[in-house]
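Note that subunit A is present in both complexes that follow, paired respectively with subunit B and with subunit C.
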Partner chain A sequence: MKKISISLALLLAISLSACVDDGEDGAQGTAGADGASGTDGVDGVSTFVTSTDVITTNANIAYAAYADSLISAQTLRNNIATFIADPSETNFSNAKQAWLDSREPYGQTEVYRFREGPIDALLADGTIGEDGEGPEGRINAWPLGEAIIDYVAVVVDGDSGPESAANALSGNVIANTADYPTINAETIQNVFEFGEDERNVTTGYHAIEFLLWGQDLNEDLSGSGSRDSSGGQRPVTDYSVTVGACTSGEVAVIDDICTRRGQYLLAAADVLIDDLTAVVEAWEPNAGVHYTSFVAGGDESLAKIMEGMGRLSYGELAGERINIALKTDSQEDEHSCFSDNTHRDIFLNAKGVQNSFNASYTRIDGEQIEGASIYDLMVVEGQHELANSLRASLEATMAAAAVIDTKAKTGTPFDVLIQQGINQPNVVAVIDALVDQTDYIEQAIVALGITANDLRQDTEEDIGG
Partner chain B sequence: MKTSVSANISKPLQPLIVAVALTFLTACGGGSDTSATSPVVVSPTPDPLPVLDHSGLTPLEADTIDNTEYLSGGDATVFVTDEDAFSTRPDPITDDFTLDGNFTSGDHIFRTPHDGAGPLLNTSNCQGCHLNDGRGVLPDNKDQPFTSMLVKIGDSSGAADPIYGDQLQTFAEQSFTTSDFSSGWPSYKGSLNGDVLVGEAYTYIEFEEIIGSYPDGTSYSLRNPIYKTKDLSFGDFTADIRFSPRVAPQVFGVGLLEAIPEEYILALTDDNDADNDGISGRASMVTDAITNESRLGRFAYKAQNPSVLQQVAGAYRGDIGITSNIFIEEPCTNAQTACQTQAERETNVADQADISDLELAQVEFYNRVLGVPARRGFDSANLQWDADITAGRQAFFESGCVGCHTPRHVTEEAAGSVLGEIAFSGLEENASPIEMLSNQTIYPYTDLLLHDMGGSCSVTRETPDEVNCTSGEECMYVQRCDGLADGLEQGMASGTEWKTPALWGIGLVQTVNPDATFLHDGRARTIEEAVLWHGGEAQNSLTAFKQLSSEQRSHVLAFIESL
Partner chain C sequence: MTEYKYICAKHRFWVDAHPKDAFESIQQITKLAEQWLQKNQPNQAIPYLGTAYETAEIIFDNRLESPQLTTCLTSLAIMLAHAYAATNQINAANSLLKHLNTKMKCAIDCALGYNTKVAFFEHCSKAINEAKNDIIFASATSTVTTNQFSQIH
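And now, the complex of A and B:
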């Protein structure tokens, strides 16, 4: 199986999955567990699906999702360039919409985290290192200590500073013309995690988000009281190039500040594109440094897929991104707190897990990618019932996430939803569903015989003198 | 010679023989020329000396490094040698989705400013002091306040100051809730009636240089800190005030230290130096704030806290102004009315405790399971240690450093949190033990006991020009010490006693944070300086170290760097 060419494996995977997904197996709906042990299983040609097929499809979807992220980040950059050249309300809206659009594919890539993949481990020299050494922080770190970037309100619901007061810059990068006379990609990369402080996030989606929306201070800009349905209200005049029209919070400013803010915004988009490009290249089919080793990785790669699904489901999404915000009732702990787009983060992160299981992904241009799935493999391995239970649990999560998504789109965003007395049960339902699906993912790992120990090569040899 | 006293012993005999072994080993723990006095143990030549650790394992030898020693934290060992060396989750955590999630949540709370911080505080979140989960730093200059170190205070009997309490909180909350950092700084008589919410007092450091030299003529320089406290917002301190400035320590490994059986530590004590090796070692017995029982203190610089949970809850309250069900009162004294008013306001908008039991348990879990960095300098494929590390280890042992820096311990079952088992919805009863921390062989290099490190302190009132004074804005409190003493009694610890700190990971301190320094107040810029500051019970070991050749000294330092 190792010798099989990748394109053949892919072909095989697609053809096999076409058979599996012919509708037969879904005919009984969520009660489909019966079908797994019955006629569907016999009819299905899924007996030919191998773990390498599954791994290959997973890698192809990774490429597609990261490529979509890059494509949409380039659209975002173009919109930002247009906006800062002509800072009209329309162009401002377009830039913000482009940011929202770019989050759609990116959110679905998060399932490729926590598995020693490029996003977590890609080094500057193009090789794969250890988790934590990759570009993830530069791309998507949060919560932001946004005071390092630009002006912040005096009183806010949350904390805009770094972890340690000793790691605060004097002023902020945009206002501090003495220390940062030029703002470009290098400037903002140099102050990323300034003082080793993880809240000094100066690049990535959320830095751009802050520069487009500003702090979420409610409609009245008070930054206090009950939260309303509005996100950040940054005025378009923060980017004004008209003499005397530039605004920058409550402080008197020179016109230069707005130009510098625009430069920062564009530089952040450039850095995002660079980082995403490196990840996309590492996943490039047949060529990327990670793609080739991953596809050849056998059960270890299969275990990585499952680990990414499980760790995102439980610790990252249910825990850090939802439960902590719910338990602390704090916007500081909300993922996309400036734009109030957290409902999409939640929905898309969960969607990514489902994509990985079903081996399907819808590209931003509408193209459907499908292939050999974990579901198929579990059926092949005789785990019909568990395969179906896991499928159902993922569906249940998506249904619960859709409720949050809908509430946000109809006027009750996540930061309002988490407040006591609003509708916390909607949020709890997503957490519970994610916990359930994690349990099934764990069972699937055991059933497929890929224990966690297979995941990690012994790294002890790395410590030699 | 291998003194395998307690190995290969049939079960029923073990307690007796271990007890005998203790006597023998303790006698030898501190120096190379002390002869064994125990009549029972047959040991023809007690050299090289085994080191007592009550693990029941084959005693360690000075000249032979065990192949498992590089796994400093047992199953909780991590193999990271970059800036994340102190903030990494061990594999047993990563490999379990639930534990992984608990860690992620604890990490988030640890590094994120929490609602309810203040009214008075030193920083707004745990990571604000424990930079990158590592050590805090000293301010660059006297115009910068302490942001990742703090000052404990008390009178000559160790009692808290009636107005300022037992710790100087440099800031009021507006320093962190507004974009004006200096808005909450202390100001001279700024709240004489206690009715203005400002920080308590401002301490800065001046250094005087101490030049010394080794017997071989090599010179060295130490910087001796002088602590000057000014801008007293609430009036004068109580008479006889003492100051103990402390930099935030690295936090990993505490779950393992907590799981060392208490009797194994108590067996190491030698209160009156009965073995006459110059090293006593006293247990810091403290009252458990949760159970009210007397227990061994293991955490903080004077071992004043018996558990990770109490340490975490105490730091939340004292350093961040975050109350919990364990410490429900804000650190406002009766004289600080503005602090109390603001504290009441906090409880009106939320539960009485600023942090919930669930969050506290998550942070406790995070602290307990943070990975311990593996040793460097070991080629695990060929089972070879670097030669200078092997040589340095032998000198470290033979200089008696291991009389306090006990290399090895074993852990017992590490009980789950007394708060309960962590679930997203809340805490559940009967938390299960933490397997990764249980029944491990670990190499922390500490006995967790109090030792007299020598030195003394005096406090005077002086102007910036060092003219004696009695009152006025210019009239600062100035503490000068010689040696490591801080002059502050805390619990059972005197003003010259400190708990032996663990040495594991010490070689990565400046990898994690290049500005970090060593010892309780960060006075030592290098590990060598830290060694040279030792005194009191460590005097013999220091003398032995100084008498080594330059090359031998570099081996000792290479060994310590490899920890």
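And now, the complex of A and C:
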């Protein structure tokens, strides 16, 4: 009797999901698919998806998404090297496009944060420590300490930079030839969080972004008044190799500055690649230090998946990345503020959460990775209604995020949207949708009988509702 | 019956027969369109956006709709409408958004009883209406600017 009721439930599930799932490494059934620990399926779906199937799929997708991030970071590095050697407008555009492309897979990996995984906890010796000890800050921390790196407008939008005056370096690294005669990966890592001030961020995606776009000061470079649809306007002459043609924005400077700026850019790409390589290795199927223990982790690993989904949804994305920027109306609190690519950060972070639930990820080469999902598991556990509600809430979030995304692509980027403050309904809609999905994730944690840490611990702000 | 402006009959048959491949092609074509939009060349983006939009619409009309496709269809319509508006084709922009909104209302009617589906389609419909208002506002602002410019000269 039990088997029949499960089959009926799964038939219902497939009619609703219209997708075919199989567990990782599961053998194909005659008309269906198996979970790794499962039995032959019927009508295209496993009759027995286990939590181990779900965890294994999650780990395989994590590996694929980080591997894609590394591949696209290497492409970025190659484009940067070409640009520095030949700083033409075309090569400059190509380098910027490569940066934008590199954000696409990485944004979808952020759901692997907040769960003591390699991104947050991988130590230099290759072992796993505690959350906060990993390379995440070096890879993706923001706001950036741009004044430590290169020339800046002192005040943008009425805000000064995030750097602590008490811990300020004398001059920026690129201009300060006395203290920093050479610029390489070691130099820029040594000044990371200089003076143990976490606002002094000098490496990662956003350092590269700043060195490619410069500060977003509007097309008139005033840095004040109503924001326009443009991102940073760094001129290509900031990297000139022609004698006497080097600039720092509108100011002519000695040629050495352009050379050093190129060195910084390349060093930042090298550090990014090193850090991503370490994370990819830790997730390598059947060999990585984290992969093996995570896949064997049972309910504890399942709880980590749910916790990562919930904490990214609520505190990090709805709270720190959207709500604070909205409330402060500050570009300084905007994630990709130099390139005006924040709409993609929001969309891709939300997409990562949806990927985790659906156990689905499209690689940068178009390959589709799918497997046993949390949805399948919830259905097997008799939680069809909640599974459908959670899925619908994730879809609602994607629809709301798509509005932000489309607005940016049609000339209203995130920094312009937030100028309307908390009255901006499109931005509030994304926050509300993320809060809703967090509610359902919490219910799913209870329904699956697992225990996770507080999903709402990462922001002190009241959000949603 | 829907008339297609950007895709030929042969392409349409291919979309009918290969909806999954067609959906992947939408994403590739959209990327190309976005690159033109980034370069502020809406004229160049329009054929790509039009092709992607019509491809998505065929899949949608074939009742192979999914939330991802519907979101994509809505976004494409909004981007295409903005591109039309940027090239002074305001009527085409409004007509496109009106056309899709009618379709969304039908989808809402068909989904009655499925609350989450209704909410999803309503969200898309709201985004379309908002885009329509944005375009009207931008067009009015642009007229004012143009008029002011004319007065100066």
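We adopt the following convention: the second predicted complex is superposed on the first by the 391 of 465 C-alpha atoms of A that agree within 3 Å, B and C clash if a C-alpha of one lies under 4 Å from a C-alpha of the other, contacts with A are read in each partner's own complex, and residues count from 1 in each chain.
As a working rule, contacts are C-beta pairs under 8 Å (C-beta built on N, C-alpha and C of every residue); 3 or more make two chains touch, one makes a residue touch a chain.
What you see is a predicted model, and the numbers here were worked out from it, not measured in a lab.
Q: Let me test your reading of the model: by the given contact rule, A:450 touches which partner, first (subunit B), second (subunit C), both or neither?
A: A:450 sits against neither subunit B nor subunit C.
Q: Is A:441 touching the first partner subunit B, the second partner subunit C, both, or neither of them?
A: First partner only.
Q: According to the stated criteria, A:398 is in contact with first (subunit B), second (subunit C), both, or neither; which is it?
A: second
Q: Applying the touch criterion given at the start, work out whether A:76 contacts subunit B, subunit C, both or neither, answering first, second, both or neither.
A: neither
Q: When both complexes are superposed, which of subunit B and subunit C contacts more residues belonging to subunit A?
A: Of subunit B and subunit C, B contacts more residues of subunit A.
Q: Using the touch definition from the top, say if A:406 reaches subunit B (first), subunit C (second), both or neither.
A: It touches subunit C, and subunit B stays clear.
Q: Look at A:310 in the shared chain and tell me whether it touches subunit B only, subunit C only, both, or neither; answer first, second, both or neither.
A: First partner only.
Q: With both complexes overlaid on chain A, does A:319 touch subunit B (first), subunit C (second), both or neither?
A: Once the two structures are laid over each other on A, A:319 reaches subunit B alone.
Q: Let me check the overlay on chain A: which residues of subunit A are in contact with subunit B and also with subunit C?
A: none
Q: Give every residue of subunit A touching subunit C within the complex, in rising order.
A: Per the touch definition, subunit A meets subunit C at residues 18, 97, 366, 388-389, 392, 395-396, 398-400, 402-403, 405-406, 409-412, 426, 429.
Q: Name, in rising order, each residue of subunit B that touches subunit A in their complex.
A: Contact set of subunit B toward subunit A: 70, 79-84, 88, 91, 94-98, 100-105, 108-109, 111-115, 123-125, 127-129, 131-132, 136-137, 139, 144-145, 147-148, 175-181, 356, 358-359, 374-381, 386, 424-425, 512-513.
Q: Would you mind writing out the residues of subunit C in touch with subunit A in their complex?
A: 24, 34-35, 37, 66-68, 70-72, 74-75, 78-79, 82, 116-117, 119-120, 123-124, 127, 130-131, 134
Q: Which part of subunit A faces subunit B closely enough to touch in the complex?
A: Interface residues on the subunit A side: 130, 132-133, 143, 147, 151-156, 158-161, 163-168, 195-199, 310-311, 313-316, 318-320, 323-324, 327-330, 332-333, 428, 431-432, 435, 438, 441-442, 452-453, 455-456, 459-465.
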